[in-house]
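Remarks on the structure that follows.
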Amino acid sequence: MDKPYGWWLPINISTHGKPIDDLINSLHWFMLALFVGWGIYFVYCLIKFRARPGHKADSTEKHFRLPTYIEIGIAIFETILLVFVSYPIWSSVKNDMPSDSDSLRVRVVAEQFAWNIHYPGDDGIFGRTDPELIAPEDNNPIGLDREGDPNAKDDIISINNFHFPVNKPVRVDLSSKDVIHSFGIPVMRVKQDAIPGTVIPVWFEANQTGSFDIMCAQLCGVGHTRMRGEITVQSDEEFKAWLAEERTYLGLEEG
Amino acid sequence: MSVVIPYVSKPHPVTGVTNAKLGIWLFLASEVMLFGALFSSLIVLRVGSTDWPVGSTILNVPLAFVNTIILITSSLTMVMAWASLKLNNLGKYKMYMGLTILLSFAFLVVKYFEYSAKIHHGLSPATSNFLGIYFTMTGLHGLHIIGGIVVNAYLWIPGAKMWHSDPERFTGRVEVAGLYWHFVDLVWIFLFPTLYLL
Amino acid sequence: MGDSAEEIRHHIKGYFLVYLALMVLTGVTVGVSYFHLAIHWAVLVAFIVAAVKGGLVAAIFMHLNNEKKIIYWILILTAVLAVGFIIPVLMDVEISAYTQRHIPQ
Amino acid sequence: MSSAHGEIHAHGDGHAHEEGFWRKYIFSTDHKVIGIQYGLAAMAFLLLGFGLMLLMRWQIAFPGIQIPLIGKALTQDGVLSPELYNQFGAMHGTIMVFLGVVPMAVGAFGNYMLPLQIGAQDMAFPKLNMASFWVNFVGGLIMLGSFLMPGGAPQSGWTSYPPLANIAPPSQTAWLIGMVFLITSSLLGSVNFIVTAIQLRAPGLSFFRLPFFVWTQLVTAFLLLLAFPPLEAAGVLQLMDRVAGTSFFMPSGLVVSGEILSNAGGGNPLLWQHLFWFLAHPEVYVLILPAMGIVGEIIVTNTRKPMYGYNTAVYAIIFLGFMSFIVWAHHMFMTGMGTAISSFFQATTMIISIPSVIILTIFLLTLWGASIRYTVPMLFALAFLPMFAIGGLTGLPLGLTASDIYLHDTYYVIGHFHYVVSPGTLLALMGGFYHWFPKITGKMFNQTLGKLHFWGTFIGMNGIFGPMLLVGMAGVSRRLYDASIYQAAKSVQPLNVVMTYSSWFLAAAQILFLVNLFISLRKPKTPAAENPWESTTLEWTAPTPPLPHQNFPVPPHVYRGPYEYNTTSREFAPQALQEV
């Protein structure tokens, strides 16, 4: 396939992204048509009706129908886009949360200036977290209660490295430790602000492997520019292998 | 030769109001948006909070009650000041206007005691969002009171000279000052229950 | 507003009556607050009373009971916008079903 | 006219002797002097805002490379630091919007032209008018002062989102105080404008005889009057958060650089965004409406025929103004908004695009059957149409949640609104400048330099903002100090270089403007400046320049609609003209 990034939309590796791209593209064709249409008329007027000897402005009261029809047309087209295109996409993005059974569920906790990815481990249950316990130095940037909470024992925390399997829905519970960030993955057609004090669910499913950028899309301070994460979409086996690596790296016993 | 601006004392034939009257109402409209936004914020914060106290458990209702009485009374004296001018009675005007100013000071004094009591008990805006919004809104309202005092004080003595040159315009000014003052009173009428009683 | 001395005197009676009403109503709000009604009732009562009081001040003291059209239009516009602000905000901030708020991260 | 002239000047001079320098030029209550004061201040701020951006653009195009010449003055290694980048970005936005374009469009053009166009002697409240300028001036000084504060200028973006803004360096407090001043100034100003436009119209000047520009100013004034207070409230709340330790915008348990913040919590960051955008969306129409007004005046004058569907245009403007109050949350689609509310705001956003389309269509149809004179102001006005069209059209994908998911906070947004504010509004303002310069100064400017300025500006701006849309499409986030670490940005880096060179080109074009300004001012007064475009509206029947205070030797009376070109036996029939 062609190179992933260019001067227009980059490749889309998400299952829900296609309609979004179609909307953006068709909308731009529509805009172009309007602009060129009007533009032609515009330029025509500029030439035809330029002031010149013997040419006099015609001030008689006129009424043109066509523009009114065009305006109505624009209104109708916008309504269609809104009701039949934008609304369905948005509601699926917002409501079709995959069930925990057939999806990978992770927490993403944004902070100045990194993305903390929190995997529940084999038990599939997120351990309790508590701001008091935050200790970046011993791999605990989100205050996971490893001692107190049994569910936390097998939890895996990865910083800026977000691995997940291809062809499997991923549900992210997005939150922030400090200020507002925005979890943006261009190739995944995903963007969601991380609002401190709230947890916002986001879902997506990749249909292609590879590794791509996570960009922070909301000004979050001096490090906003380098708040770069990386998603690595891989086969289920590779993903499992990676989890195991992480587990040993973190010195956790098998779940 | 200098500017002649129409409709400063006589109302505009079509709109039926003087410039000042239209102006003050526009200003009050913006004030409505200002306090409207603050009340909205209060609602948002309150609905969003899990531990919003009942005002009366923290704030001093009797003092606020007294202040309500004071403010309402000052509204009455204010409108009476205007009415006295309408009845061509400058003396009465001065009396009522004087009373209004007096009452406004009384209001501020009571507020002062209220605030200092809070601070004394170590209750500051930082203690909770309830106290935060309480100090913010009553504080802003207090500033409006002070503004009103300044205007009224001016109209009370120095500004009153105009009564002899252009009584109509002066009466208009007093009416405008009155509108502002009643609005400040009106805001308090809503602040009192929302902050102190609920 | 009427301008003849007669009407003014008549108005003045009105002012004092309104004043009394305001006093009484203030008493009512405070009185009610001691019954410790269920919150929504308390809010309702408090708001109604406040609205009546505010209405009186606006209508009589501020002469809104007979004011020029243009003033009414300005105030209507303002009221519409104020309401048009708070309703969507409340819907978004609190009733938004897609964010679970106040969960410590 | 000219016969009355000598006697008029006698008035003018006689008057000049009455007041001293200070009353006449500094603390003047004359709307014309105040207008010029606003204009000069705004121009300075526009150039400053541009200057800041030139530095930023260098860093964007050549990340980590020393800024030529002045680099060393900013940082010791001569490379723009990320801190400075954020400060300049935030201040560029703040200055351009609140201290540049609005004071220019409303403070300068509105103040100067509104009373003249309605045949009034001055604003309804001249002293208030002076006050509003000086309050605005103080606000501007505070904003400038913030650059010198410890920790540097405000750096949380012009949107100042908490919690970031709450934990920002002290200068953020200055930003808030400065905003309170600017807001107060706008409130005073807008009250004044509305009262003036409603009460002080010359006899015979009914609402539907008002020049289009006056209508846009009237609607703008209402937007400022009713949209600004919520931001004032928000400003006060954030001020409390910062100085009094409240947490209106801060939930509990925030951990900033390892420290748990001690604030009580329970606040809501989104509350700020709602309050902010409730102002800031109407604000953007404050940026465009006066521009549309100016463009309308210029186009109609230079087409030598009445405006097509004047009444429709007026209704469209009013509708636009009203709608602009209920679309604000389209800036917040990605904050976790549900389907119900987002649908509401998508709908209103789509609806609001219609009146804009109508207005543009009206301008375009006015060209039909016209006799277009390509004067300098007309060039700017004509260019405004396609530029605003691009800016407006690119608003549509942003207005639909589905496409906004991808485009939100990318350079596409930057491209969108710069097309409306820069090649849109700024071109219109420059056009207005050339249109009214003769009446204001009694002198003519240099046509050739004017045309060069136009082409330079037009090409330069498109060279900047056209590519910007593509950069956004590639997915590059805004407010990035150094995007080069992202794959998406690498592919569009050449475009960034083009944009930066274009911005220099644009800067060069502005030098032509300034040169033209100065040489024109040093020319002698000419009668040619009386009514060079043969316009019909009232300001052109006033003496040149209009009399200090009082404007007209005798209060004008209006007998006809605003744009009677070739409708009578005359080529053009001024509004104040009785017999034909």
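All chains are identified by letter, namely A, B, C and D, in their written order; residue positions are counted from 1 within each chain.
What we mean here is this: a residue touches a chain if its C-beta (ideal position, glycine included) is under 8 Å from a C-beta of that chain, and two chains touch if they have at least 3 such contacts.
Computed from a predicted model, the values in this text were never measured in an experiment.
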Contact-richer chain pair (by C-beta pairs counted) among B-D and A-D: A-D
Chain nearest the overall C-alpha centroid of the shown protein atoms: D
Whole-Å separation of chain centres (CA-atom averages), chain B against chain D: 34
Centroid spacing, where centroids are CA-atom means, of chain A and chain C in whole angstrom: 45
Distance between chain centroids, defined by C-alpha means - chain A, chain B (Å): 49
Rounded Å distance between chain A and chain D, as computed from the means of their C-alpha atoms: 32
Multi-partner residues of chain B (each touching 2 or more other chains): 15, 22, 26, 29, 33, 36-37, 44, 48, 50
Residue list for chain C, restricted to those that touch at least two other chains: 70, 77-78, 81, 85, 89, 93, 98-99, 101-102, 104-105
For chain D, residues contacting two or more additional chains: 198, 226, 230, 251-253, 267-268, 270-271, 278, 336, 338-339
Chain D - residues contacting chain C, complex: 198, 222, 226, 230, 251-253, 268, 270-271, 274, 278, 325-326, 329, 332, 336-341, 344-345
Complex interface listing, chain D residues touching chain B: 11, 14-15, 120-122, 124-126, 187, 190-192, 194-195, 198-200, 225-230, 232-234, 236-237, 240, 244-248, 263-264, 266-268, 271, 275, 278, 549-550
Chain C to chain D touching residues, read off their complex: 70, 77-78, 81, 84-85, 88-89, 91-93, 95-99, 102, 104-105
Residues on chain D engaged by chain A in the complex (per definition of touch): 82-83, 85-86, 155-157, 161, 163-164, 167, 250-258, 260, 265, 267-270, 303-306, 308, 334-336, 338-339, 342-343, 346-347, 350, 353-354, 357-358, 360-361, 364-365, 367-374, 382, 385-386, 389-390, 393-394, 396-397, 400-403, 405-410, 470, 473-483, 485-488, 490-492, 495, 565-567
Chain B partner contacts - residues on chain C that touch it in the complex: 3, 5, 8-9, 11-12, 15-16, 19, 22-23, 26, 29-30, 32-33, 39, 42-43, 46-47, 49-50, 53-54, 57-58, 61-62, 68-71, 74-75, 77-79, 81-82, 85-86, 89-90, 93-94, 101-102
